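Take this structure first; my questions come after.
The first chain written gets the first letter, and so on, giving A, B, C, D, E and F; residue counts start at 1 in each chain.
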Amino acid sequence: MPRPSGRKENELRSVAIVPNVNKYAMGSCLVKWGDTHVLCTATIEDKAPSWMKAQGKKGGWLTAEYGMVPHAGNIRKDRDAIKGKQDGRSVEIQRLIGRALRTVVDLHQMDNKTIKIDCDVLQADGGTRTASITGGYVALKLAIMRALTEKKLIKDPLIGQVAAVSCGIVQNTPVLDLDYVEDSNAGTDANFVMTADGQLIEVQGSAEGAPFAVEEFQKLLALAQKGIAELIEKQNAALKS
Amino acid sequence: MPRPSGRKENELRSVAIVPNVNKYAMGSCLVKWGDTHVLCTATIEDKAPSWMKAQGKKGGWLTAEYGMVPHAGNIRKDRDAIKGKQDGRSVEIQRLIGRALRTVVDLHQMDNKTIKIDCDVLQADGGTRTASITGGYVALKLAIMRALTEKKLIKDPLIGQVAAVSCGIVQNTPVLDLDYVEDSNAGTDANFVMTADGQLIEVQGSAEGAPFAVEEFQKLLALAQKGIAELIEKQNAALKS
Amino acid sequence: MPRPSGRKENELRSVAIVPNVNKYAMGSCLVKWGDTHVLCTATIEDKAPSWMKAQGKKGGWLTAEYGMVPHAGNIRKDRDAIKGKQDGRSVEIQRLIGRALRTVVDLHQMDNKTIKIDCDVLQADGGTRTASITGGYVALKLAIMRALTEKKLIKDPLIGQVAAVSCGIVQNTPVLDLDYVEDSNAGTDANFVMTADGQLIEVQGSAEGAPFAVEEFQKLLALAQKGIAELIEKQNAALKS
Amino acid sequence: MPRPSGRKENELRSVAIVPNVNKYAMGSCLVKWGDTHVLCTATIEDKAPSWMKAQGKKGGWLTAEYGMVPHAGNIRKDRDAIKGKQDGRSVEIQRLIGRALRTVVDLHQMDNKTIKIDCDVLQADGGTRTASITGGYVALKLAIMRALTEKKLIKDPLIGQVAAVSCGIVQNTPVLDLDYVEDSNAGTDANFVMTADGQLIEVQGSAEGAPFAVEEFQKLLALAQKGIAELIEKQNAALKS
Amino acid sequence: MPRPSGRKENELRSVAIVPNVNKYAMGSCLVKWGDTHVLCTATIEDKAPSWMKAQGKKGGWLTAEYGMVPHAGNIRKDRDAIKGKQDGRSVEIQRLIGRALRTVVDLHQMDNKTIKIDCDVLQADGGTRTASITGGYVALKLAIMRALTEKKLIKDPLIGQVAAVSCGIVQNTPVLDLDYVEDSNAGTDANFVMTADGQLIEVQGSAEGAPFAVEEFQKLLALAQKGIAELIEKQNAALKS
Amino acid sequence: MPRPSGRKENELRSVAIVPNVNKYAMGSCLVKWGDTHVLCTATIEDKAPSWMKAQGKKGGWLTAEYGMVPHAGNIRKDRDAIKGKQDGRSVEIQRLIGRALRTVVDLHQMDNKTIKIDCDVLQADGGTRTASITGGYVALKLAIMRALTEKKLIKDPLIGQVAAVSCGIVQNTPVLDLDYVEDSNAGTDANFVMTADGQLIEVQGSAEGAPFAVEEFQKLLALAQKGIAELIEKQNAALKS
């Protein structure tokens, strides 16, 4: 049974990461991952969050925010700012992005700094959260390199490289990198966040339909490992350009 | 290195599930899982959500809400209702509870019904989300049994049984069922939602400190399988009483 | 005409006050007043409210918050945190609880402290505001005793003891302590907050149906005096245990 | 000890009720009660509230809203609309106004109608809630008279007349109709809502400082009866003009 | 074709500006501009806005807020405070009022001060924004005069006088000062804010129906110049009284 | 005195309008106007707004929404969705966009349709509102052409073509199309919305510093006429591609 896109089971969509697309942000990139387009920017602010001060904590912080323009998806959604709050899905996704990127930053090296990663989805065709993490890393790395150059940071706080990809079971077949059509029909959907050296940072697997067996989950994990390795290369290519 | 509670590595805290604690709800229970206490109620409303009607979808829905009383944890937190919105963590947790329980309900058998699962944490000592899912299932089952008896439902929509538990790597040792002290010090924290027959419904693993290896994740999964089996028995005992 | 519960006209429901039910709060109790169950906690924070500082006021403050879990009553209500604001009734009740308890605290002895009383209704069968005040006093007393022991307070700021009860005119008969069924049918409903020595702190009487005569109000007051005396004893018993 | 205003203990401030001050509302008046100025309007809408429909209730409803312009009081307060919610005091007051006026309307005669009473305080010098109720009645009566004339109502739903006044104990002396200076210094503050024939509709007494004795409360009640009788006459004069 | 009000094409409605209507505000007036009634108050607070401090800006600020009582217009509108936010029109108008009045204040002379202009519409019959600016200036001037007298300001920061008027093209005829009936039927609607010496501060013209020619706009401008000159005199008369 | 960008006084920045950049929206374009980048989409929904139904109005409606990604400008701003409301500037701008585009749509031809124009600023360097109107027209035209092709609309409701540009007085010189640096230093700032045949739709001029003379305003108008003519050509080129 061929995939709707004609891709092989372990084949990523085409992924282009265009660095430095924003003239103001410390770091930025536009991720074009198939028809999913995410604008990622990284800002370094010269103060720690107020809750850290209130709790007497040392070091800095990294936080992420995620949003979609109203017609990013196939049906226009009302603007969160007008509804007066973020929808639950956005909240869940931005917490994931923040957790994933914090893992590769030594926050103790970031005293009195807050890094803010903004991921704004301009067009969504599945996999926006994994594109946000993968692009968020590039924006983060660019921002830190610039801050080191400009002496706004003395020591590099980055301690790892991170990318993310989704896998799923579609019509009983484990496949890599679901697009929207596949995602809508997947029995199981899993997101993997991994480091350049193949360690796990975050694993999230959900039965969308029937529960899944442990063996199936292992197959998804193997597919993810292959995909992450390719994404790490894409990131590196973007950072060199 | 002993656990702070003196438990063995694969030992759950004491778990008591007291059924029918609320005189109004269709189904309810109080989960006393160590010092974590969660009040779970299940309500069956005679209409589908408005978004289903708007999208022309058939069947019913199940949704969950999660909250904490202000002094559930060791530091009092401001009341969400006064801050004007749920915090991000609550949003993330209630989405997980809803997804987990929807997997064991055949929503096509629930035409024009909405089941609402409320999980209110009265005291928190780690593992509130897994206690909410485990207790939420009991409240759900009780509500459906009563609805069948009262002829508010004709056919039983339940197609599985679900429980949840956390595992983590604390001081390099994989352990089952983290309490708050362990959770605060865990290098890796994972939540597993599984069915009575050992299938996976949701897997969420996060590196809190360093990334973790695939093999470590396998060990956590094995611990979870043992814990889930015991929790399924606790649920059954509560349902029989 | 007997009361639905079979109680005598001047008879309280059974009232149990279980102290120290929360392992984290400075003071706490669970009030089981018939089928009305309210969890009360008292927190002492080491700063005065920001509005006191802004106005240059000395001393401390006591404030109360009131909430209900969604299915506390016989019909599930949407969670305030999701609606984005407290409902008007909750606002009105928590202002009453705060006023009542402030009257027995010498705020000048509380310099740079804020006491927060949280009253969370787990099950509601009428009289939640009077149960909240009555239990709120117990939580407050326990918190102050502990703060004195722990030297967080030097001098006891408590200058009185307070309890509250409702009375009403049901089918032309004045009765003590309305439960939900009676409250729904009461022509007049009144809440009395009084001290241990029989002084008034707050009186609120409302004609739910027809206006009421001054003489009727006097009868309700007499019933309240009897009920308050009994509640003061219940409080003292709970505090001794 | 003379009152700051030089008034006798049982003397009201000067009260002028100017009817029909708004060219659009069905009924309106401006209450000038000493330096307290409240604009009251009454609107009759041709539908019952949505919650009545949802609950299958017949008849109509009356609701009240209360607000202050930002500089109504001696210190400017931020605009509720900008803060994003009404303050708790406004919520409490508008619930009182609504309850008080509903008592003199036969809602069964108001099928599919909602009356909205708006009380906007232009200047506040104590007693805004009692001025709102007293003026709200006049706006309500004018609106109903006009609706009867215009055949928008067939039968008069008004079944009573209502006014309100505050009393308090200032420097151990019970006095009628506190202005702001007295209110700030009162040991006890009470609001009475009564009908033209001397029945009680709402009684609210609060110890601002020390608790008060039952006998003191009786004296306040007697003062209120005198004040209400005079206010009823003021209302009638305004309605005749 | 006569105007509905019988006015000449270049004739203002009757405009009365009653100064000092609020006993607490530093400056205040009630503008009665035909049937449009706006209460304007000016407050001088002893601190600069927090955003100025955050950006390290010197000097002071002037800001304006605009609101309507619910039944100001011919159909009652829900109270902004209850809806939880200002409507877009109010936001747009208050930004205009603030910009217009800031132009005649030398903010560098206002170090650590914030002037707040509140414009509350009690009755609306067209032209509420121009009435707010015209009355807002009077309240501002009165507040500054009093602050100079009371030595709260050392040097007069006012550097100009400002008034505002609307013009429009109604049935192909340019007319001055639209009331609500004309405004509803105008093809083009323009608001002009000008100084006492005939300079422009703000010009806003909108095609409500068909686009308009540059020549038409010139005619509206000429009408506005005449109207502004008369309004400046009304302001001066009010300030002298 | 040369302009910072080296442009002539009557010279636009380079303007590129890339059509059809969004795969889901009925119409879309990306406006690259110097360093100001705005993504515009147009959606046609098959229902009139609820307020039109409530007021019994026939025809359809067009509304616009405006937002910025957090780091669109030179300083990152907090996300509106997280602050819980749009900022006042966004509200003002989106109302302008909506008014401008409604003028060229015959809403009576749009029965039971709502057109939504979304303008999301990806990068801001001055002139975002005029870029939004100019690009919004292109997205609107594309959406209507597609709707006519797909028979979702029977008759073309477009009755004009509209573009917008800003002008200002910078160092006493009137110039066309201010970028951010010029805008920050402009004494007067004006926005003009005009049709393809040189009629005015909206004129907004503000004195940022000193008031301005009528003659200066005329010069800005002349510059705008030149700029608009060029922008109309850019729109036409984009629509032909």
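By our rule, a contact is a pair of C-beta atoms (placed from the backbone, for glycine too) under 8 Å apart; a residue touches a chain by one contact, two chains touch by 3 or more.
Please read all numbers here as calculations on a predicted model, not as lab measurements.
Contact with both chain C and chain D is made by no chain of the assembly.
Path length between chain C and chain F in the touching-chain graph (shortest route): 3. Taking the mean Cα position of each chain as its centre, E sits at the greatest distance from chain B. Centroid distances from chain A, each centroid being the mean of CA atoms, peak for D. Between chain A and chain E, the centres computed from C-alpha atoms are 49 Å apart. Inter-chain centre distance (chain A to chain B, centres taken as mean C-alpha positions): 27 Å.
Counting partner chains per residue, chain A has residues 84-85 touching two or more of them. If you sketch which chains touch which, the chains form one closed loop in which each chain touches exactly two neighbours. By the touch criterion stated above, chain B contacts chain A in their complex at residues 85, 88-89, 91-92, 94-95, 99, 103, 160, 190, 194-195, 198-207, 209-214, 217, 221. Across the interface of their complex, chain D is touched by residues 22-25, 28, 35, 39, 41, 43, 45, 65, 67, 69-76, 79-86, 90, 116, 118, 120, 122-123, 125 of chain E.
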